[in-house]
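Presented below are the structures under discussion, each in the form of structure tokens.
Same chain, two partners: subunit A is paired with subunit B first, then with subunit C.
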Partner chain A sequence: MVTNITNFGRSGLSDWLIQRISAIILALYTLFIVVYLLLNPGLDYATWSGLFAQTWMRIFSLLAFVSMAAHAWIGLWTVTTDYLKHTGIRLAVQTTIILAIFVFLVWGIQVLWGA
Partner chain B sequence: MNSKRPVNLDLTTIKFPLPALTSIAHRITGIILFIGLIFAFWALDKSLSSPQGFAAVSDALANNILVKLIAWGLLSALAYHFVAGIKHLLMDIDIGVTLESGVRKAQITVVVSAVLVILAGVWVW
Partner chain C sequence: MSVLQVSVYRYNPETDSAPYMQEFQIDTHGRDLMVLNVLELIKEQDSSMAYRRSCREGVCGSDGMNMNGKNGLACITPLSEVVKSNKLVLRPLPGLPVVRDLVVDMGIFYKQYERIQPYLQNDEPAPAIERLQSPEDRDKLDGLYECILCACCSTSCPSFWWNPDKFVGPAGLLQAYRFLADSRDTATRERLSDLEDPFSVFRCRGIMNCVAVCPKGLNPTRAIGKIREMLLANAT
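Entry: the complex of A and B
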């Protein structure tokens, strides 16, 4: 029995499900942004900042950023666990990844609510 | 285990099947996208900070060749990761889980993402 202490949900099945739900949210957010940019070729600052001033867009974006955090953690945990066999190196890399995810999340919240 | 079994550890003679290559590419593009978040968040932050910041980002995307290459590279990685991810979701609901359809879907993944990579290049330039 392997004890998981660095993976996201502490259970493989939980990680599997969260990876899929976060994937769908990220796919929808990606499609939204790409379609929005394609439909607004001459985009200006007022329109762009107006979009991100909307409450629903901030909630949608925050949902996407939180999904990114979970998705990246689970994905990169899987990859590092597969290839980094030395426990010390793996733990160091995974800790760095988790800290980077935390920084991205805080950065994203600051952008959305203009700290 | 029978110790007389033939063993092939010469990596140069081992050929990966296409589904293995598309799986590895899914992982590599995932790592690229994670690093690319630095550029994505920077562009979002800058473009929403002020009209000057927005102009700086759109000017860089319109004129700076290095920025264009990064944007194209990240869009390509995103397109591939997206397509390969959809393939995963289809397999989760039991669509195309036989060996033959696995190879077929790996081929479709390569073709569809190649088209998207070209379209992304057209969009950036």
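Entry: the complex of A and C
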């Protein structure tokens, strides 16, 4: 057993599972947005904000944002532990990544529920 | 044209400040020699050349090396399989510390092997005769027990290069699964809980370098997939 305290789910198994489930959610969300844009060529502001005013779309979007946050953290954490051998640099980069993800997540929620 | 151009990695830490490549011209008399035969001809030209070998028939696993960019056993690799435009480049297995020339320090590789506890564990009282196994259960060990620990796979795995102290590596994981799959072993849960961290198994990225080089034709990636399945079944 190799000990870790900075990975997402404290266990390799849960990280692995979350990475796969979040990938599926992100793929579905992307597919949905692309198909929606293709079906609505002359998209205007009212239709677009009407879509995001609906509860199911907000839930779907929030799910995608949370998936994105988890997916990015697990993936980038792996990259930093592969390539950054200096503990100080690795910890600094990991902290920066987690802060950036947090900012994007809160910002995303604000956009969804904002005016 | 039977003179082969061979370029060999040389390093003697006692006399050399840095490793270098040495060129040899080897007359093969047009024969399709094994790479190990070429090394023997090189040793006739320069007796200071160091490499490991023993069985010369792909059984002992001691002459794993990097031949024209691909890991394999020198004794069972014919020139016709690796030589391109009459050139052969020989290097030690990548990622392990070099002791001298083509001889590497396998310490960390064995340490990962030791970590998976490569021996049968059974807490039930021993029967009067040996512990029996059905032919079907015995079949589950095929493709696992044949590993000769040559390290060709683990030293071609980028995940092992970056984290050889934490990632068990394909060779160790193939053996981990060999004992997980054994019907006579009762330590399955303990074995699994030793492997569920983000490094030991999950650092495998599934790129299958290990499968591509195994001289015994084994498939560590498949075994790693089976371990993942067992971990998942155990924890969900």
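One rule holds in what follows: the second predicted complex is superposed on the first by the 113 of 115 C-alpha atoms of A that agree within 3 Å, B and C clash if a C-alpha of one lies under 4 Å from a C-alpha of the other, contacts with A are read in each partner's own complex, and residues count from 1 in each chain.
As a working rule, a residue touches a chain if its C-beta (ideal position, glycine included) is under 8 Å from a C-beta of that chain, and two chains touch if they have at least 3 such contacts.
Note that this is a predicted model, so its numbers are computed, not measured.
In the superposition on chain A, contact is made by A:T81 with subunit C only, not with subunit B. Touch criterion met: A:F52 reaches subunit B, while subunit C stays clear of it. Contacts of A:G108 after superposition on the shared chain: subunit B is touched, whereas subunit C is not.
Shared-chain residue A:D15: touches subunit C; no touch with subunit B. When both complexes are overlaid on chain A, the residue A:V66 reaches neither subunit B nor subunit C. By the touch criterion defined above, A:A23 lies against subunit B but remains apart from subunit C after alignment on the C-alpha atoms of chain A. Among subunit B and subunit C, the chain that touches a larger number of residues in subunit A is B.
With both structures placed on the common chain, the touch criterion links A:N4 to subunit C but leaves subunit B unconnected.
Comparing the two interfaces of subunit A, the one with subunit B and the one with subunit C have no residue in common. Note for the complex: subunit A touches subunit B at residues 20, 23-24, 27, 30, 38, 43-45, 48-49, 52, 68, 72, 75-76, 79, 97, 100, 104, 107-108, 110-111, 114. In the complex of the two chains, the subunit C residues touching subunit A come out as 159, 162-163, 166, 193-203, 228, 231-232, 235. Subunit A makes touch with subunit C in their complex at residues 1-4, 7, 11-13, 15-17, 78, 81-83. On the side of subunit B, the complex with subunit A involves touching residues 27, 30-31, 34, 37, 41, 44-45, 47-48, 50-51, 54-55, 58, 78, 82, 85-86, 88-89, 92, 123.
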